[in-house]
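Following: one structure in structure tokens, then a few remarks.
All chains are identified by letter, namely A, B, C and D, in their written order; residue positions are counted from 1 within each chain.
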Amino acid sequence: MKILPIRIFRWIEIKLNKVRRMIIVLKPKTKKEDIQKVVEKIKEKGLKPVEFQGDERIVIHVLGKVTDDMPAPFQSMECVEQVMRILKPYKLASKEHHAQRSVVKVGDVTIGNGEITVIAGPCSAENEEQVMKSARILKEMGVKIMRASVFKPRTSPYDFQGMGIEGLKLLKKVGEKTGILTETEVMDVRDVPIAAEYVDILRVGARNMQNFDLLKEMGKIDKPVILKRGMAATIKEFIMASEYILMNGNKNVILCERGIRTFETAYRNTLDINAVPLLKQETHLPVIVDPSHAAGRRDIIPAICKAAISAGADGLLVEMHPKPEEALSDGAQSLNPEELKKLLKELKPVCEAVGKRMSI
Amino acid sequence: MKILPIRIFRWIEIKLNKVRRMIIVLKPKTKKEDIQKVVEKIKEKGLKPVEFQGDERIVIHVLGKVTDDMPAPFQSMECVEQVMRILKPYKLASKEHHAQRSVVKVGDVTIGNGEITVIAGPCSAENEEQVMKSARILKEMGVKIMRASVFKPRTSPYDFQGMGIEGLKLLKKVGEKTGILTETEVMDVRDVPIAAEYVDILRVGARNMQNFDLLKEMGKIDKPVILKRGMAATIKEFIMASEYILMNGNKNVILCERGIRTFETAYRNTLDINAVPLLKQETHLPVIVDPSHAAGRRDIIPAICKAAISAGADGLLVEMHPKPEEALSDGAQSLNPEELKKLLKELKPVCEAVGKRMSI
Amino acid sequence: MKILPIRIFRWIEIKLNKVRRMIIVLKPKTKKEDIQKVVEKIKEKGLKPVEFQGDERIVIHVLGKVTDDMPAPFQSMECVEQVMRILKPYKLASKEHHAQRSVVKVGDVTIGNGEITVIAGPCSAENEEQVMKSARILKEMGVKIMRASVFKPRTSPYDFQGMGIEGLKLLKKVGEKTGILTETEVMDVRDVPIAAEYVDILRVGARNMQNFDLLKEMGKIDKPVILKRGMAATIKEFIMASEYILMNGNKNVILCERGIRTFETAYRNTLDINAVPLLKQETHLPVIVDPSHAAGRRDIIPAICKAAISAGADGLLVEMHPKPEEALSDGAQSLNPEELKKLLKELKPVCEAVGKRMSI
Amino acid sequence: MKILPIRIFRWIEIKLNKVRRMIIVLKPKTKKEDIQKVVEKIKEKGLKPVEFQGDERIVIHVLGKVTDDMPAPFQSMECVEQVMRILKPYKLASKEHHAQRSVVKVGDVTIGNGEITVIAGPCSAENEEQVMKSARILKEMGVKIMRASVFKPRTSPYDFQGMGIEGLKLLKKVGEKTGILTETEVMDVRDVPIAAEYVDILRVGARNMQNFDLLKEMGKIDKPVILKRGMAATIKEFIMASEYILMNGNKNVILCERGIRTFETAYRNTLDINAVPLLKQETHLPVIVDPSHAAGRRDIIPAICKAAISAGADGLLVEMHPKPEEALSDGAQSLNPEELKKLLKELKPVCEAVGKRMSI
């Protein structure tokens, strides 16, 4: 095979301490001049091509620092059949980057260190009475972090849109009065610094998982961020989204699996339980599960909470409303206080069965 | 309720001992003659129409024995906007039909009565040595039922297609020698009675979940049947498929969730953990989970097995191969004997945490 | 219809000038006091309950002004099996609201009036030479609007992120020099007013379809907005997103189908061709198709462009790069100038076959 | 790099006239003895390993005749990160195997040679009058092939199951009387030879696309077979299914895209229009489209029929019922005779616009 000079291989043997990340498969019967064009283009980019010839196809290994933009120009060449990448595209989130598991601390709560953290509360903050009541109920049960949205991403502009900044102030007030930590979603980049002043944990909702400007702003604050998986986001895209926050300086990222959109209509979403062990394996970040959005119906929530913990989740983000039947949003998927209490009790032995403990 | 004249309700109470199952919504501004046509058609079918008029749309309730074929002719009428059904379409599988949970017995094993049943074994029966070895390994661990396919549904006709009827005989032989119970998939209607002679449990694979002729044949045998969910089958379709077996006379049906096809490519399928509590709630049938096909990769199988049990599954169908690296099929998702042993040990406390016990 | 006392209908006819939008199905054997609770709750909300009793279930029609928040509190009641809505949730976008088709004008181009508008250009603005060259090539072919992104939503933070505001200025300059109209994506709410000064049409990308704050800002400008469908957004959610822009005052909204995420991996997305006629039927807004993202591979783009036009689309949004093999993004799905020219020529008879004309 | 003996490369240069189809990527820091195990296993299978070493990972190319079973044993080895295949898995269906497009002939109709073939008729054969009436209506319009199912794959066992073998006889009778060609679905392997006697074209339904025993039987008859894509089948699986028929001896296979199952609920399925040009490009088989199942609603059928033809389809499989509002199945998606007539007229210019002609 004349096209493969022995020199090349020696060069590989001797010099090649670089990451090899791309393999280009050419179409059968590609002409020499076309192969040459591919080879030239690889070289132009400062990379090293290594050709391999079978009887039907030529495969070129590209050695060197292959960036994420590189496959594209080759994919569009007429003679190229396939371009394959080998190494993983994420860095800061990967376990290879950071071998120890990350532990996120907020107040006296630690997430990701073997204790199961339950974050619970109403879908939306509706008024002072409801928020205060929720906080007291939760404190009494031992729940240390309360969720409550004040900016609501609603499919319809005619639905309740949340209390807004008034809600942020209310959360702060309730936090101070009751000692509960607070968690809320931020949707607008302009609200990030304000929310970071008023609440303890910020959340990026599923619809904004790839709102990259929001992710960047989240990277600039010093409060922990819960990043929810987009409803059609792959695991890879999910981890890449966390990378946007991490690379902007905020290391306190918590991944939250909350169900994906599938063909099934019996539930609001389908909880992707496979994601839990895989995210734990691929990243060093804590992983929690939101069973409320994953189910969208109250009846199966206890079962999937147990499943989440057993699969390795570090915590839960559960909707609880003092009176679900009066909730302004998501009542159908909110537990009432008794149901949550019962659930917490049932979760205890499950936590222990997988070597963890409840933080309650 | 003053707004509703008492007579209406009396009429319903007295006359209407029928199932009401259909609501027809007409388009705005439907003409009187068109309404009349809908009404006439309802009557022709021996049903009772009850009109309700708002200011924009007329809604007609159809009372009487509405069969599954009935919505269609109305849906295709020009003036009809929507036809809605109300009652559930399945009967024999529903908890309303059969309030007590069904327990399937095979040999000295019972499935669905609080004991977790683990069915394990190689994806395919490959040869006598491999099957015998698998059986012995399993028996030693306390596993009482061995899975092993002899008819293989392979995407490619060029892949290993299974041992066929020779494999059935081998399973019988191994069962007799070792005392293990055997389970295998049947794909061809013509093989159902033969397989029923040789093995203890028959399986309908995911690709055949809506092979209705196969389901009917499965309804005619006296061996238990494991029905796997189709990879894009809704919960409703899954339960309806079990109905085909039940109505043909075989009451020993076990539902098996094995992952659904979604956009995610990190795993072979996405385990639909929501389905476990929902199937338990909607039907009286035992529900098991196949983590091997749901994951398609060995590394996350232990985690999702624990999740399945915690979510309420009655058992597991797991691939184990004496030497996964030599398996003729599905090696990447097969546990090796040590991994299975470790998993069984880890599952024990999880079973107990949810009030069940291992049958091992 | 003897079975229904006339009085009922008179009562409905006379009193009921309200939209009826909700039907509540109760579980079998619901107790009288529970029914009463549902009825009371309906009344508290100022609505009228109308009960219907079959032999197994009670159905309550709720008459009056049912808002989108109302089903939730009922869904979460123990005795409620199902809550169904009847009318459509969108208003301003619906054909019922606005019977005539909307036509969007920009410069001397009209979109939605029977002329097929082709918007073409590079995925990203990369530098002045490339943008100027693209504009000249397009003008020469008769293409009047050039797309070019300056803010890039990239899965990876390590990929090219776009030229930013410099790019906006460049687009304005190129527009002035060549007379071409310009179109670009905006991702950050803070960039909306700036972009509206520099370019002729703004775009909301698929990842931001439910970035509601961005939609609201888009509603406040006086430039046309192309709203791309989210990759897992339903038709209903897509139309509801347009409603956010419309209700904030901007009537110049163009819907863009760009492929949805499915299990299929042979293409980047799956073009949802069904959506084209359905969106045209449900709304009065112009509908265009982006074949480049829907395919993600150049080879099938011409075929699906023809399909889009035949199905009723008002235009196309196609990626063209002077040298696709050198593109910094999306090279694999960009046509080169010759391919675009050939496509435009082939599209002409297709446009005519469905009673439209090319604006070229 | 000591692990890579120069000899290996010479051997490649000189000897390697084989298909190279597999690349094995090892995990970082794989030990020498583990690499050796992989290498040994490759050699045991009669294949040639060629190692490539970067600084993080070793990649082994496997040269020789790699069968579809081979990746599995490597995937399950602890030290293996990824196994990639390169060549396409299908053979007989590929254009590389058979460069000319296949044309299927039935009676005086040819499918795949530039004429658009419309196959139309009722979802189900219901009775002699309906079938005869349908045939006469179709003949009068110039439609030469009538579809009508006699074996019905119904989700519910309580729905109409079809006329069965009586229906086959009826189709033959109607064919003889009217001169129309007939097409019907077969679900049970035992019915294949019988159906092949009575009708002109046999159909494999979407639910049976991977009923491999049925595919094999279809390969043994001498009548053309329409193979419908499974509702969650990838393009690759679809083509592989056709391979089962082709390799059993029947070369007259027609592929039928009929919509795939996605998250969208506005239509019964989502027509995958991308599949049309891709199937034409990858295979030499004729490709038709079933708009009726892809839409599930009559209103958008004309639009997507035009789209299908424009995208390159060779024909359509459309449901038409003399009286859709009385159909025993699928009435909502059946055109009535006037609608079909209008559609055929509108399709004519579309066919011509893409260089084809109507066979009517």
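Here is the rule we use: a residue touches a chain if its C-beta (ideal position, glycine included) is under 8 Å from a C-beta of that chain, and two chains touch if they have at least 3 such contacts.
On a predicted model such as this, the values are computed, not experimentally measured, just so you know.
**Q** If you tally the C-beta contacts, which comes out ahead, A-C or B-C?
**A** A-C
**Q** Name the chain whose C-alpha centroid is farthest from the C-alpha centroid of chain D.
**A** A
**Q** Mind checking the centre-to-centre distance between chain C and chain D? Centres are C-alpha means, answer in whole Å.
**A** 31
**Q** If you average the CA atoms of chain A and of chain C, how far apart do the two points sit, in angstrom?
**A** 26
**Q** In angstrom, rounded to a whole number, how far apart do the mean CA points of chain B and chain C lie?
**A** 37
**Q** Multi-chain contacts in chain A: which residues touch at least two other chains?
**A** Residue numbers touching two or more other chains: 232, 236, 261-263, 265.
**Q** Provide the residue numbers of chain D that touch chain C in the complex, in ascending order.
**A** 232, 234-236, 260, 262-267, 270-278, 281, 294-295, 299-300, 303-304, 306-312, 349-350, 352-354
**Q** Under the touch definition given earlier, write down the residues of chain C that touch chain A in their complex.
**A** 41, 67-69, 72-77, 89-91, 153-160, 187-190, 207-208, 210-213, 230-232, 236-237, 240, 243-244, 247, 261, 298, 324-334
**Q** Please output the residues of chain B touching chain C within their complex, sorted ascending.
**A** 1, 3-5, 7-9, 11-13, 15-20, 23, 25, 28, 39, 48-57, 59, 61, 63, 82, 84, 86-87, 96, 232, 261-263, 265
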